[in-house]
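A, B, C and D label the chains in the order they appear, each numbered from 1.
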Amino acid sequence: MAVERDPGRTSWPRRALAHPLFWPALTLLLLLLGNGALNPGFLALQWREGHLYGNLIDIGNRAAPLILVSLGMTLVIAARGLDISVGAVLAISATVAAWMIAGGEGAGSRLPMPLAVAAALAVAALCGLWNGLLVVRAGMQPIVATLILMVAGRGIAQLISGGQILTIYYPPYFYFGNGYLLGLPFSLFVVAAVCGLLYVALNRTALGLFVRAIGGNPLAAHVAGVPARAITIGLYVFCAFSAGLAGILVSSNVRSADANNAGQLLELDAILAVTLGGTLLTGGRFSLAGSVLGALIIQTLTTTIYSIGVPPQINLMVKAALVFVVMLLQSADFRASMRGLLRRRPAGGEMR
Amino acid sequence: MNARNESARTAASGRQQEPMQRRRFDPKYLPLTVTVALFVAMAATGGVLYEGFLSPQVMLNLLIDNAFLCIVAVGMTFVILSGGIDLSVGAVIAFTTVLLAALVQRQGWHPLAAIALALSLGTVYGAAMGLLIQRFRLQPFVVTLAGMFLARGAATLISVDSISIDHPLMTAVAYLRIPVGGGYSLSLSALIALLAVAAGIVLAHATRFGRTVYAIGGSESSALLMGLPVAATRIAVYALSGFCSALAGVVVTFYMLSGYGLHALGLELDAIAVVVIGGTLLSGGRGYVAGTLVGVLVLGLIQTLIAFEGTLSSWWTRIAIGVLLLLFCLLQRVFERTRRLTLGVA
Amino acid sequence: MNAGPSPPGSSHVLQARGIGKRFAGIAALEGVDLCLRAGEVHALMGQNGAGKSTLIKVLTGVLAADSGTLELQGQPIAPASPVQAQRLGISTVYQEVNLCPNLSVAENLFAGRFPRQRWSGLIDWRSVRRQSRELLEELNLRIDPDRLLGEYPVAVQQMVAIARALGVSARVLILDEPTSSLDEHEVEELFAVIRRLRERGMAILFVTHFLDQVYAVSDRITVLRNGRCVGEYAAADLPHAALIAAMVGREMAAAPAARPAAEADVPRQMVLQAQGLGRRGQLAPTDLELRGGEVLGLGGLLGSGRTELARLLFGLDRAETGTLRIGGQAVRLHGPADAVAHGLALCPEERKTEGIVAELSVRENIVLALQARRGWRRFLSRAAQNDIARRFVDALGIKTASIETPVALLSGGNQQKVVLARWLATEPKLLMLDEPTRGIDIAAKQEIMNEILRLARTGMAVLFVSAEMEELLRVSDRIAVMRDRRKAGELPGGCGEDAVFELIAGQ
Amino acid sequence: GEKNPAGGERIVLGFSQVGAESEWRTANTESIKSAVQEAGIQLRFSDAQQKQENQIKALRSFIAQRVDVIAFSPVVESGWETVLREAKAANIPVILTDRAVKVSDDSLYVTLIGSDFVEEGRKAARWLLEQSPLKDGTEPVRIVELQGTVGSAPANDRMKGFKEVIAANPRFQVVRSQSGDFTRAKGKEVMEAFLKAEGSSIDVLFAHNDDMAIGAIQAIEEAGLKPGQDIVIVSIDAVRGAFEAMMAGKLNVTVECNPLLGPQLVDAIHAVREGRPLPKRIVVEESVFTREQAAEVFPTRRY
């Protein structure tokens, strides 16, 4: 047969270049290095009060909620869905947790903290179940189905909080979003745990195969006996659950729950992270690691804007410019046409 | 053997014969009909519950107050039909209002010249995004999201404050009311919106461009193999959406008589929702421009219902919008249930 | 300054010389020559994956050739896209139906060349409708041009694709396996049209795996094997056996092994029993029994309800009436997942929409149904997956670079084999095959027949749907015939074609 | 209006609120609702979800419902001309609360009850120049500013007022200014970045609202600095959280922006109904609270 394999020719740089995560990773690296060049202190890490301190740690800690949400979003998108209610679910979970813990200054927690956290996560998962049922059972288009919760969810959160920002005075709760374990923010460990869980679920069970089959061709997967409906519902539940987890981190970090503003526009950031990571919004191809990188890129962008002293009026312009650069860098077609231009130009020069 | 085939065939052809006469009611219009019927039912419920709800002016206000949404949604319908999405529409509206206001109020341009510039800028902007999407195979979501940041950024760059407009021509047009009889009236914007819908319907259903958009949304690879101009059409679709956004921006400028970088915040989501409620599939290829108009009216009606209720706190307002949306979409699904197997995903 | 002697009579319309095309590591075509002449039907033959579709894509600008030249009536051409090829007068029906299911039949026929009203420039729907009727009429296809294409089964879509290609008044017509999903009547209709077009001087390229069809309509045959040209022959001078030998590269018994005499003494357990199974608009209440170790053939015309019956048995559509017993137990199937759990398998008719998951690899496609049957927790190890995949790749002769190749990159026939392998891998109690041999070459078809018979001998029940009467008669123990969406009757295995046709015709 | 049980015509008020984007806004809504209820006025309340379009729609529907008085807190200053003309044509008096509008014709509204954002910015700056621990000295004072949502009226005006006064003393310099979107989370995030970029050379934090200041305080503490001492913190609004922070010594001063406009609104409504003349602008009493006053004032705070 005319199979041709020449391992000597595909050297490792070539293989690295072809890896789908290469460009997101390179982008992140360039962003960080660029920052380091502009502001030498940016990459510095110090040991302060028993933990690491610096911009890199901040980026990690800040990005944690976005990473969590992006992971859930990736899976939903992989199965040809979309969840725009994540911001609202985050707000609900944060509010539920804060409401159950609340109490006054020094008053301790109203209900036991584990109960509060469990309740918050359960409510979030319930939200996911609701979304999943609307999509799968009622057959609504994902964007409308989740739009309903996106609109009503914040209302529910505000109903719980009575329109107030619920301030939390119970110090043990602060650990989730502010605490450190082994010198690193605790939130990073939460992210790592979820990543580990997903790795096992997708690579050590058949779920990964099923999700990709559903994303590639839902009808064919269904005909092949894959429980496509149950899995799809499960993915919505997971997505909402991870948004709930993010809600715990966020409310713990700012020691309060702001039903109106928590997770505002999170859905856009999460979808942006997912796309930057190389996942196709049309389903089929997805990359969880890519989404993590995407979320880190977004957070680094934000932190960059804050730390290089951009006037706030042009925040958006800078962000737009960076997103354009990032996505063009990642486009194989763009790189090809650039190469074409570079190649053509010297040739043209010789002719003249 | 041929003789046998022949006899089998004659037997079969009687069965294969399908009713060729035009059916009275084509099932492909069912979703649209259901949506319209539900709209009417919802309006009637409002009429029973609230005094003055069914007054013609309230219904006309639906059009007046949602004219810009309607115009944007027409462009968005084409984008979604082609299998894409355009998140930049709200930002382009904001940019247009600021640009118009700045040109007219600060630079002393004639409004018509400013409008012409704004419309062409919007079109070019949309086309540029379409070019990126088409040429470099970028995902529409990211390109138009960056486009949204850019347009809003540009708007705040021109002016952080809102700029009021008091140019006599602009105010005259803004106050213009077109009587429709019985003491009721319509604004010029509403008329433009209706024209946009009409133009959209013709464009979608009676031109090659429109049918190509549907084909691309149905299957891009097939469209390519059928020899349709996929690249040009895709770019044109985004250009059209850019134009519609700019036109909506002009309408908003008249509606608010001001230019402001924070106008039309989050409008992209409303526009998408309206298109989808109107029965267009987000995955592309199926839907109607006329449905979009109904979608706009439905969203407007929900808001009007809540305004007439008048006792809801802020959070109950949100919950009520969600519940009404849910009811509407659920009923829509229940009535549309076809016998075909529909898998919940996709 | 035309190089070389001008061809005799200059009837050469399209000439390809030395065409080469490589896909990452695989040479799909190497130095292929092809010459189409006006007023001739040219058959392109070869096994699955021989490079037929690739050659056609090169001719029509879908793919760019790595080497070689194309000439159209003596002028060198280099179509860069299907649009350009169409403008040059090359009209094509590709192997997979490449139309838009969300547009109406009429729109699919005319997309890209809609007639327009003189005064407004808008599409003239009246004349679109009228011309569609005429076009469909030419193929004797009685369907409503206003209905969405996706509502029709692939067979009809295939005919519409052909009608579209006919509608373009072209110099060259290329048909890639147009007959794979058609039954004999449709094929006859098509051939009548092809002959008419040949009379008019059109050059026609035609791909098929059916030898009878080749001899029925073509004047000349080019055979490809593993991407190389084996030779060009005049159809009249090439005996069947020689053609097969040219394609396969070795001598092959022309008459396939017939079904061994029924081993009547094997105890046959009832596997599935349907009573009054039906659904409004799809299938009149039907009784059906399937026993282990037997092959039940399902015959009938296009649209007679065979696919519907299989779908109902598999729970893909919900039955409205009747009962279903599997292994003696009454069950209600809530969907394919249920059916698979009960040991049923359905290899669906529509490969592209219900069969393959294009982005997944050959391995993943093959293990998908088996994994679904095992549930998500009992994950097949990678080694086990590789094992199964390799076994079926070898057994069915699936031509692929590796088992990790995405199925999308396989040739049509090989994709079909992958879907078949998926279901064979589940080792079900009842295997339902809806047109499993569509687009599969003759050598592989024999392999598959043998595999089906082997499985039946191991005690599996098989429901076999096929439009090919010969195939059906060869493997079936019993034949059920469908007509008008109801079961017209059952015949024993040894019955002749006549009896089946009588039932089909309702006499 | 409809008959009320007492016999007289019951006044119907249509009120369009911006939204429920902050505690301040919620307090504002509560104040209006309770005051109106006490006065026996029937309220038609509409929430605009922070969108001007929605607010205009709400006003149109009030006109269609023929309410007796319309009141609203405009989302933005401009863009009200058309709908206010319609209200005038329908003979419905309009009262503005909280924020002003820009219209060519003053008669389009009766009066504005509300705070002056520019003045709030000025007050914050004045306290810094005149009363803060940094007022004397020769070293330059480095200020970082947490702005509200870019382009929003309070952000624009507070910044304007602050700049105007601070310009008088060249020692005081705004070295960094970034938007924190009026939220705690963003306030904290931006402050973290400021602290990393500027090290410990920040002397003053000026936040456009208390929530951002509260978020920033957390960031300052986590960086190992003492808010209120190492960095002087000035903010605006005077919500409960700010008082708690002041009592803990973490916030130096907050400029009051009073949301309790309800009673004044009711007075204005009665005046309008009875045809009494009203000033074009009714100013709300607002003060500046410092750390020292915090514990004393705290129990009386209602929001």
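Note that in this section a residue touches a chain if its C-beta (ideal position, glycine included) is under 8 Å from a C-beta of that chain, and two chains touch if they have at least 3 such contacts.
This one's a predicted model, so the numbers in the text were calculated from it and none came from an experiment.
Shared contact partners of subunit A and subunit C comprise B.
Highest inter-chain contact count (C-beta pairs) belongs to A-B. When each chain is reduced to the average of its Cα atoms, C sits farthest from subunit A. The distance from the centre of subunit C to the centre of subunit D, each centre being the mean of the chain's C-alpha atoms, comes to 71 Å.
Chain centres here are Cα averages; for subunit A and subunit D they lie 34 Å apart. Put simply, the C-alpha centre of subunit A and that of subunit B have 30 angstrom between them. Mean C-alpha position of subunit B lies 41 Å from that of subunit C. Contacts with at least two other chains are made by residues 158, 163, 219, 222, 229, 313, 315 of subunit A.
Counting partner chains per residue, subunit C has residues 316 touching two or more of them. Contact of a single residue of subunit B with at least two other chains is seen at positions 156, 160, 313-315, 317-318.
Remark: the chains found to touch one another pair up as A-B, A-C, A-D, B-C, B-D.
Contact residues on subunit A toward subunit B in their complex (touch as defined above): 79-82, 84, 134-145, 147-149, 151-159, 163, 214, 218-219, 222, 228-229, 232, 259, 268, 271-272, 275-276, 280-283, 313-321, 323-324, 327-328, 331-334, 337.
Only residues 1, 4-5, 7-13, 15-20, 22, 26, 28, 202, 206-208, 211-212, 214-215, 217-219, 221-229, 285-286, 339, 341 of subunit B touch subunit C when the two sit together in their complex. Those residues of subunit D whose C-beta lies close enough to touch subunit B in the complex are 14, 17, 19-20, 26, 29, 43-47, 49-54, 56-58, 60-62, 64-66, 76-82, 85, 102-104, 149-152, 156. Taken together, the subunit C residues at the contact with subunit A in this complex read 25-27, 30, 226-227, 316, 335-337, 339-341, 346, 348, 353-360, 364, 367-369, 371-380, 399, 401-402, 422.
Note for the complex: subunit D touches subunit A at residues 19-23, 25-26, 29, 147, 150, 176-179, 181-185, 188-190, 192-194, 196-197, 199, 211, 214-215, 218, 222-224, 241, 244.
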